[in-house]
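The following pair of complexes shares a single chain, chain A, combined with chain B in the former and chain C in the latter.
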Partner chain A sequence: MWRLKDILLNLVGTKCLNCGHVFYPPKAACPKCSSRNVKKVSLGTSGKVITYTVVNVPIEGFESMSPLIIALVDTGGGKVLTQLTNVKPDEVYVGMEVEATVRRSATTLDGYVPYIIKFKPKERYS
Partner chain B sequence: MSKVYVVGVGMSNVGRFYERSLRDLAAEALFKAIDDSGNLTPEYVVVSNMLSSQAEQENLASLIADYCGLRGSSGFKVEAACGSGGAAVLVGYSLVASGLAKVVAVVGVEKLSERTTPEVARGLAYAADADFELPYGISFSGLNALVMRYYMMKYNVKREEMSAWPVLMHENGYYNPYAHLRMRITVDDVIKSPVIADPIRLLDSCPISDGAAAVILTSEELARKYNDTPVLIAGIGNALDSTDISSRYELDTFLASKLSAERAFKLAKLSPKDVDVAELHDAYSINGVVTLEDVGFAPKGMGAKLVAEGRFRIGDKPVINPSGGLKSRGHPVGATGVYQVCEVVMQLRGDFPGVKVGGEVGLTQNIGGVGSNITTIILRR
Partner chain C sequence: MSKGLSVGIVGWGAYIPRYRIKALDIASLWGFDPQLVKSLNIEEKAVANVDEDATTMGWYAARSAIIRAGIDVNEIGAIFVGTESKPYAVKPSATIIADALNLPNKKLASDLEFACRAAGEAIRISLGLVSSGMVKYSLVVGSDTAQANPGDVLELTAASGAAAYVIGPKEGSVAYFEGYYTFISDTPDFWRRDGSPYPLHGEIFTDEPAYFTHIVNAVKGLMREYSFKPEDFDYVVFHQPNGRFPLKVGLELGFTEAKILPGLLNPWIGNTYNAAALIGLARVLEESRPGQRILLATFGSGAGSDAFSLVVTDEVKSKVDKAVKVMDMLRNKVYIDYGRYVKFRKLLVRV
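So, the complex of A and B:
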């Protein structure tokens, strides 16, 4: 996990300098035009839920965090698969505005406690 | 390039076999296939499997070849997640087509019943992106659920319409003596079954199965000499998409399903309207529906609706999943693609012991990952 800290904590995607395509997760070349002329870009810290699920049957290691709310969030820069937090399963809807926050993930099978970006409902300030 | 024929098929039952080992299941399938071929001796044993490392066993080609009296033959394992079986048949095809071998056995095998569901679910999730998806704890059911919700919203598909798929699968699988789950279900049963990963319910999901299937592939010359009912591999194609689903261009289309089918049809000089019988990879109802569209059997957004209207059952063209599909026949993960080929070959020969379709042209499509590694095979009598 350590080698991924910048990416997982900063939401970094890739922009193709040849065709302009922006995508996440980062790749060494552009999936659309195969150009290796790509650079890391920040994806932004807020977005909208495109689709989501509530996982009731966890994979090994995530039993204590179940049920998990997993969403695909469109940040405008790219789509990001993420976990939603600070929200109940029946409060989530497609189109919901969310923002990034740092949270703990499940302990890995080899004993590390990773911190990752999750998304929470966008707070409104009046 | 030499033409390649399937001259022998063999399957074990699909189910949970606590008393049987991986090598034992593989031997049953391989011996049945060799016997069915007219006793050809394989020069190569190509094995497909995804998760044997969970039982601390790799190097499966040596294990199986030697256990089955084929010490000194050639071989190796092919891995493409749940799409391993189709990929292994493609490798076997290449060995014969290139002339490197005259007789190749492809053996798919999976043995998971000793493992707990969370362990197997984690193993299956290794087909997703380990750096960018696994840390979120997403399961395979969860990833497919993201696709299912998106698809149902985009095309205004009702829960009842989506449920027609598993009902049809169980109707077909009820007659398949090899099938894991031989029971009939209703739309109401599907809608009331427990939620695995919303909106995917238990009866949208395939079971985790044990099983082994094998095919014997050979050249035209030997096929005609030893076998009265050889079935030609008329076309074969594989395609890849992203491992992650975040960077997909479209969530409701499997690019690799479309591309692998196009490649197979091009090689066979055939089109979707020529297909009489197909075995598609319905790990979840949504996979069946999406690939029905991407292969070219239904317009985009209409797959579930057409199944609900009564299409694709016996008497229609094509008939989809007369075996019962992954939903009812079961999903012995790395073996599934080989089961599909055995089933379609038997349909074309007329000796499949369940729902009988017959016909001239058959198709199989085997998926690894969430549509990320797909092999399509076209078979012709």
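So, the complex of A and C:
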């Protein structure tokens, strides 16, 4: 799990230098044009909800976090499939402004705590 | 007067989780006298979400501190996390926070434990590291999801929060250190044994021999060594286990209520342990003016207190709005009932 920490904690995606497509999580080849001419890019730390779904009966280990809200977030730099936190299902809407934050995911069977990026409603500054 | 120190706070950040529970809700569930809540001067406390812990909150505060500092993170030579609620008994939180912030691998990193004053000790250590030139910047994080046995009077105040400070050269700092004084002794006022989920404590929290004795000695020691008078300070910020003790100790030391209240957040967020005094300091920095002098006094059971004297510089104004402010986080709140509090703080164990 910890080998993935760059992806999980820093929102690093890849950009295809052939067709310009940006994808997350990063891959060695572009899923659109198959070019291997790709580079790592930072996707940014805030964005808007494009669409979302609510998981009321999550897989084992995630019960304490249910209902889980899984959203596709457009950060401007790319699209990220992510979990929303600090928000209830009836408060989420398409276009909602959200920001990236580090949170715990479900503890693994051997007791490891994975820290990952989730998105939460954007903090308001006065 | 400054003992040759040339060190200051370069950036600061705080984190208060969004959820609050009313102290009276806890009191009525367990049958506490509402007068007790009133006497402790506690309205409500901040509760971390189910997916938050000392590491995630510390990360958030540290990120704000680095943004405000506006420095190259590769120049951070040390990170210390003061906490008594580390997610792992053995495995540092400092390394997790450092990697998530892309700090360089070449640095010191450690979690420190001294009840609620470990982060205060981290500031003392950082003063030494920076003033000796061993590191350019040191990142200090205080973060806790304070534990309390359900039904213990401690549950009225034990809360969650974090604060972080980038300590670096005086030049370019938002506030520089003039002096410091630490006072410690072996005082068994509050402890948590290995493997125990909740702490034990003496008579209602830590009282005369612990909180008051150590803070009074640290502050009086600072005043004596640097020839300060209470009138020299514009703000005084104390560790805040409840809303009453800081006012009592401050008045006893000769400070006016008006100097204590801006840094006293316990009535609205509870006791955030290692973050308690440091969130108070963040709040004060956010409203301070250049030239003002701040007294900071931490406290940790077991027991000890660090007193620091700081002077605010012209840099503070340009940094305040670069990250989320304490007052914004105080306002951005959602009340939860005891049931959700139990779920968030994992007080129910599923089998």
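Convention: the second predicted complex is superposed on the first by the 125 of 126 C-alpha atoms of A that agree within 3 Å, B and C clash if a C-alpha of one lies under 4 Å from a C-alpha of the other, contacts with A are read in each partner's own complex, and residues count from 1 in each chain.
Rule of thumb we're sticking to: a contact is a pair of C-beta atoms (placed from the backbone, for glycine too) under 8 Å apart; a residue touches a chain by one contact, two chains touch by 3 or more.
Note that the structure is a prediction, hence the values are computed from the model and not measured.
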| item | value |
| --- | --- |
| Three-chain arrangement built on chain A, chain B and chain C clash or fit | fit |
| Partner chain in contact with A:Arg104 - chain B first, chain C second, else both or neither | second |
| Which of chain B and chain C A:Tyr52 touches, first, second, both or neither | first |
| Partner chain in contact with A:Thr82 - chain B first, chain C second, else both or neither | first |
| Partner chain in contact with A:Lys5 - chain B first, chain C second, else both or neither | second |
| Chain B versus chain C as contact partner of A:Val113, first or second or both or neither | second |
| Partner chain(s) touched by A:Glu63 [first = chain B, second = chain C, both, neither] | both |
| Per-residue touch tally on chain A - higher for chain B or for chain C | B |
| Which superposed partner A:Ala29 touches (first chain B, second chain C, both, neither) | neither |
| Minimum Cα separation, chain C to chain B, after superposition on A (Å) | 11 |
| Residues on chain A lying within both footprints (that of chain B and that of chain C) | 63, 65, 105 |
| For the chain A and chain B complex, residues of the former touching the latter | 1, 4, 7-8, 23-25, 27, 31, 50-63, 65, 68, 70-72, 78-83, 89, 94, 105-106, 114, 116 |
| Contacting residues of chain C [partner chain A, same complex] | 18, 49-53, 55-56, 59-60, 87-88, 96, 99-100, 102, 321, 324-325, 327-329, 331-332, 343, 346, 350 |
| In the complex, chain A residues that touch chain C | 5, 9-10, 63-65, 85-86, 101-105, 113, 115, 118, 123-126 |
| Interfacial residue positions of chain B with respect to chain A in the complex | 116-119, 121-122, 125, 129, 131-133, 135-139, 141-142, 145-147, 149-150, 153, 194-200, 242, 244-248, 251 |
